[in-house]
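In the two complexes below, chain A is the common chain; its partner is chain B in one and chain C in the other.
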Partner chain A sequence: MPEGTFCNRTPIQSEKALKRLLEDTGGKTYYQEMKALEVDRDLLWGTIQKTLKSRLRTWLGICAHCGMCADSCFLYRISKRDPRQVPAYKIQSTLGEIVRRKGNVDNAFMHMAMETAWAKCTCCNRCGLYCPHGIDMGVMFGYLRGLLYQQGFVPWELKIGAGMHRVYRAQMDVTDKDFVETFEWMVEEYEEDYPGLTVPVDKQEADILYTVNAREVKHYPEDLAEAAILFHLAGEDWTVPSSGWEQTSLAMFAGDWEACKLQVQSVYGAMERLKPKRMVGTECGHAHRATVVEGPYWAGRPDGRPPVRSIHYVEWLAEALRTGKLRIDPEKRIRVPVTIQDSCNYIRNHGLKEITREIISHIVAPGYFREMSPNREHNYCCGGGGGFNGIGLYRPQRNQALITKRDQLLATGAEMVIAPCHNCWDAIRDLVEEFHVPIKWSFLKPLLIKMVQVPEHLRPENS
Partner chain B sequence: MYEFLAGPMFILSLCVFFVGLLVRAIWYVRGLHWQMDRVAYGMYPGPGIKGAARSIGYWLLPFGTYGWRAQPFMTVAFFLLHLGAVLIPLFLLGHTLVLKAATGIALPAMPARIADFLSWAAVIGIAMLALRRIALPEVRILTSAYDYFILLVTAAPFITGLVARYHAGDYAFWLSLHMFFGEVLLILAPFTKLSHIILFFMSRAQIGMDYGIKRGGINGKGMAW
Partner chain C sequence: MFQQILFATSATPACDPAARVAFNLARRYGGRLALLHVLGVPTRGFSQEVVDIRTGQKVQADEDYLACVREEITQYYAKQMESVPGAAIDIRLGYPHREILRKARDERPDLIVMGGTTEDPSGSAYKKVMVGSTFHRVAKAAFCPVLAVGRSAASFWGGGFSNIVFATDFSKAANAAFDFCLEVAGSLDGELHLFHALDIGTPQTGVLIDQDAIEKRLREARQRIRGLYVPRMGEFKKYSIEVWEGIPYIEIVKFAREKQADLIIMAHQSQALDAENAKLGSNMEQVIVRASCPVLSVSRPPKAQ
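For the complex of A and B:
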């Protein structure tokens, strides 16, 4: 059987195909079919010839095999220093080998490469900081994922995830109507507490266009209300787009570059339609990476920037606190030992390290903040990045991968960790459950709601 | 033999070395692709140059980066080798004389004592790198015969040069052998991993520009390499 009904080289293009694949619970048939999936070697080698440019070729070629990347990789460290977990080995034995063999690899090889690309690398990019040649193996694994996706060797959940973006322009089956209705409903819930609270939809030329993570709409709608409340209290002129509101990209984790482009184009479309001064995205790391850092290149924007200045939620929050748009009640600042999780996707990969510390200086009472070690751009991945959190097939490996963050957290002695990133938040929630770690975890928004001062003119009349 | 190795063969080796490495550098730059690499190389010259300079500079500093500090043994081995590998070929008295005779280019010469020290340091550095390859599982798994070949090609000019310098054995023989290995190294450089002589700078500049332009250089203080 060259290609299966579920497991094949064709991306999910329709709602019907998506639902059918979803019905194959856990991807049982999907993975069964994958065992017989043929490698289209001409396609593989042809793609490499077209897309493997000098940066990646040079990286593969000049790797000095010095092993300095080994200790930089948290997956190596928690695998009893198994040499097969050395980043250089992982990429040389997969992408390097495919290139050396000119694409002449078989099904078993592709299975090995798939496991390496999705269960032995979270694309956290930390190794790139520790290589004397500046070889970023996370970037290469991203490239390898693209090749594997094209061949149909991709974990079931990510094939679905990429399909979701293709069908719904969202990582979940949340329609534009669902988004607007949920946001409006959540805002109504809080109207009494915050008179005048609204969610302006499709307002032209607002100061802020707010975009979210579809999970918030589907599973954590309070997050939408909290965002609305904080914008409201800060007196911001903000809006949400009725379409193009989804900032995330499971397609990026899957290596489905075409879907990546479709997704960011929907957000950029909203920017062009509504002409806001800038965009603010929610507390999500990979969403920011996808829409703000990588997205412009997928969309073919030569300036490497989205159509309007786009910032992460932490940037907006730091600014609001700095300029006094939001004021914290000093009595309500955090007074337990607290630490912050530096998300790879906007700390290491977008330089926002000091911004989050600035927020800490406003919301944590002096003396209670604890840095993780290492921290900032040298912080370790939460353990669930790059799609790892969501892949059932690699759940045991993912749970093992949480050990690094568990030990980092325990070493701080903190009772709470602030995780302004959905992926990190999930991973920390899971490690708390898996290892019974006594630590609370939170996004910023719910913490802010509890401590922000409500200006007199915005208070309910009876208070 | 000396005349041949110090004359036409020397000139040829230099040409292969410089032209070869230049071509590698040009190929590298020509093969960069703003959209495929996802770095808007040409759009932000300021942050690009700053990012590239920081990325190269910190890594040229002994213990200047988190990576160097995390691996002191490797750092010592690396700098022992590379200090000698860069300075000895250029500024050793004998080398400057041969270069002047063959090309007319006059470089200043370093005192013999420093040259001795750097040469021994380079040999020790190479020995330490070889030891790492044998002793550490994480390096062993990456190591192939090719990696030892590169170490050997690098070690040969130093070892033969030291033998000649101390007149241990037939001086003329060892000197010729030294020149031969030196020229082998020059000729192989553009075609092997020794091309990192130039590609180190290209690759580090690229990742520096990547971080400087795209991955946050514009947002803050820049990457703490």
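For the complex of A and C:
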């Protein structure tokens, strides 16, 4: 069978197709069909010739097989140092081999490559930090995922995730109308406690354009309320776009390059339409990577930057605390042993390590902060990055991958971990559940709400 | 009054007393009853896997599974549904409090009925003296009253509300609760007992107030009730005023028992966004788990349609 009904080389293009694929519970038929999916070798080699540029070609060629990357990979370390988990081996045996064979690979090879790309690498880019040549296997795996996606060898949930972006311009079935209504609903719920609280939609030339993760809208909209409250208390001139509000990109995890571009263009479109001074994104690591770091290249922006200056939520929060826009009640600072999870996507890959510690200095009482070891840019992936969290097929491997973070957390002796990243937050919740680890986990916003001082003129009348 | 009732249920025995009340109310007042079951929290990032809150099992929440759950709930309430024609069942995925509030926002019921907690599967004593965080989150944010039925003993009554205790703490939320109280008592031709429990602490907690001071405060509280609420009752005369001192939740429960009340109305007070912090030690919580009748929580005036 060249292509299956569910498993094929055609991306999801309509809501109907998306729902049909969703009905294939757990991707049962999808994976069955994948076993017979033929590799379009001409397409594969043609794509490589067009897209494998000098950086990746050089990296593949200059790898000295020195093995320095081995210990940098948490998946290698937790796999009894299995040589097949050495980053250099993983990329050479997949992408390297496809290139050497000029795309002449078969179905079994593609299955192996798929498992390697999604269950043996989270694209955390830690290996790139330790390679003497600076070869970044995470970047190359991102590229390999694109080739695999194009051939139809992609985990079921990620085909769905990329399809969501294509259909809804969001990682979940949340429409623009749902987003605006949910934000307004949250403001309604909290406006009595915070008089004057509003959600300005599509305001032109605001200081801040705020973008979110669709999961906040769908499952925990309190996060939207908390963002609104903190902007309100800080006296910010802010707005949300009625469309182009979704900052995340499961398409990036899936390797669906076209959907990556479509998604990020919707956010940039909002920036161009509303002309804010800057964009602030929610507490999400990969959303930042997708929209701020990689997005400009997907969208073909010549300066490699989004249309307006775009920052992560931690940058805004640190600034608000630094400048006194938000003031913390010293009595309400955290007084239990607490640690912070350094998200790969904006700490290692975007240099914000001191920003998060600046926040800690404001919100944690002296003596209670515990660093993980290692930390900052050397921190390990949470264990669920790069799409690993959501793939049912690789659940056992993902659960195994949580061990590193579990042990890091336990070694701190902390009772709470702050995780300003959706993926990390999810992975830590899962490891708590999986291994019964006695630790609480939280985003920053709910913690701030509990300790921030409400200026007198913004308090409710009877408070 | 009670024309549109939303009954949020886990479809487990923990919700049986609440179910009895919800169906009784719908039957007695001819209201439309909507049952809502929140299946569970989607987990594992963006995967389609869900933890079923009843079984604790990880399931793929596809159409087949949802149909199975619907069938199970239909069977569970089959007998009661016969007596309330048109009762609809809705199943949603998500965090229970959020989905209950979402449904309430969609359908604007005039009452939400909720049952006991399903949060502690071990069946520990904790479960018996605490109300779930779902109730607190819903009660805080809902724009309509929320009726809690914390124990089985609270669900066996005539099915109507004719003898109502309004327990006030004189807060802004209590004002909204009083308006609702008056509406219920007026439209159902009931009797209304305006009650305040004066918190005098205990010597064990380091609080010891002399008797003159207590009696002075009792008089003040009575005057306050007269000043705040009586003028708003107009022609409504079937009311009484009482102020007792002690531990507030105990006094409220005792007073309701003495009056053979069939409903206690209170204001939901917590301003905390975090229900974990809100739930410990609240008077309402303790009244819910101890009262022999349903307890109705009002946190704010109803939202204009």
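The rule is short, and it goes like this: the second predicted complex is superposed on the first by the 463 of 463 C-alpha atoms of A that agree within 3 Å, B and C clash if a C-alpha of one lies under 4 Å from a C-alpha of the other, contacts with A are read in each partner's own complex, and residues count from 1 in each chain.
One rule holds for everything that comes next: a residue touches a chain if its C-beta (ideal position, glycine included) is under 8 Å from a C-beta of that chain, and two chains touch if they have at least 3 such contacts.
Just so it is clear, the structure is predicted and the values come from calculations on it, not from any experiment.
A.B. asks: Judging by the criteria at the top, classify the pair chain B and chain C on chain A as clash or fit.
C.D. replies: fit
A.B. asks: Can A:Gly161 be said to touch chain B (first), chain C (second), both, or neither?
C.D. replies: second
A.B. asks: For A:Glu226, using the defined touch cut-off, is the partner it touches chain B, chain C, both, or neither? Pick first, second, both or neither.
C.D. replies: second
A.B. asks: Contacts for A:Gln171 in the overlay, against chain B (first) and chain C (second): which applies, first, second, both or neither?
C.D. replies: second
A.B. asks: Taking CA centres, what is the chain B/chain A/chain C angle in steps of 10 degrees?
C.D. replies: So the angle at the centre of chain A is 160 degrees.
A.B. asks: Quick one: is A:Lys353 in contact with chain B, with chain C, with both, or with neither? Answer first, second, both or neither.
C.D. replies: A:Lys353: touches chain B, not chain C.
A.B. asks: Mind telling me which of the two, chain B or chain C, contacts the most residues of chain A?
C.D. replies: B
A.B. asks: In the overlay, answer first, second, both or neither for which of chain B and chain C A:Gly390 touches.
C.D. replies: Second partner only, chain C.
A.B. asks: With the two structures placed on a shared chain A, what shortest C-alpha distance in Å links chain B and chain C?
C.D. replies: Distance of closest C-alpha approach: 25 Å.
A.B. asks: Inside the complex, what are the residues of chain B that reach chain A?
C.D. replies: Contacts found on chain B: 27-40, 43-44, 55, 59, 66-67, 70-71, 74, 78, 129, 132, 136-144, 147, 193, 195-196, 199-200, 202-204, 206-208, 210-211, 213-225.
A.B. asks: Using the touch definition from the top, list the residues of chain A that touch chain B in their complex.
C.D. replies: Listed in rising order, the residues are 51, 53-55, 57-59, 61-68, 70-72, 76, 81, 83-84, 86, 88-89, 92, 128-136, 293-294, 296-297, 300, 302-305, 346, 348-355, 374, 376-378.
A.B. asks: With touch defined as at the start, can you tell me which chain A residues reach chain C in the complex?
C.D. replies: 22-23, 25-26, 157, 160-161, 171-172, 185, 188-190, 192-193, 215, 218-222, 225-226, 250, 384, 387, 389-392, 395, 422-423, 426, 429-430, 446, 449-450, 462
A.B. asks: Going by the contact rule set out above, which residues of chain C touch chain A in the complex?
C.D. replies: For this pair, the touching residues of chain C are 41-49, 60, 62-64, 94-95, 98, 101-102, 105, 141, 171-172, 271, 273-274, 277, 300, 303.
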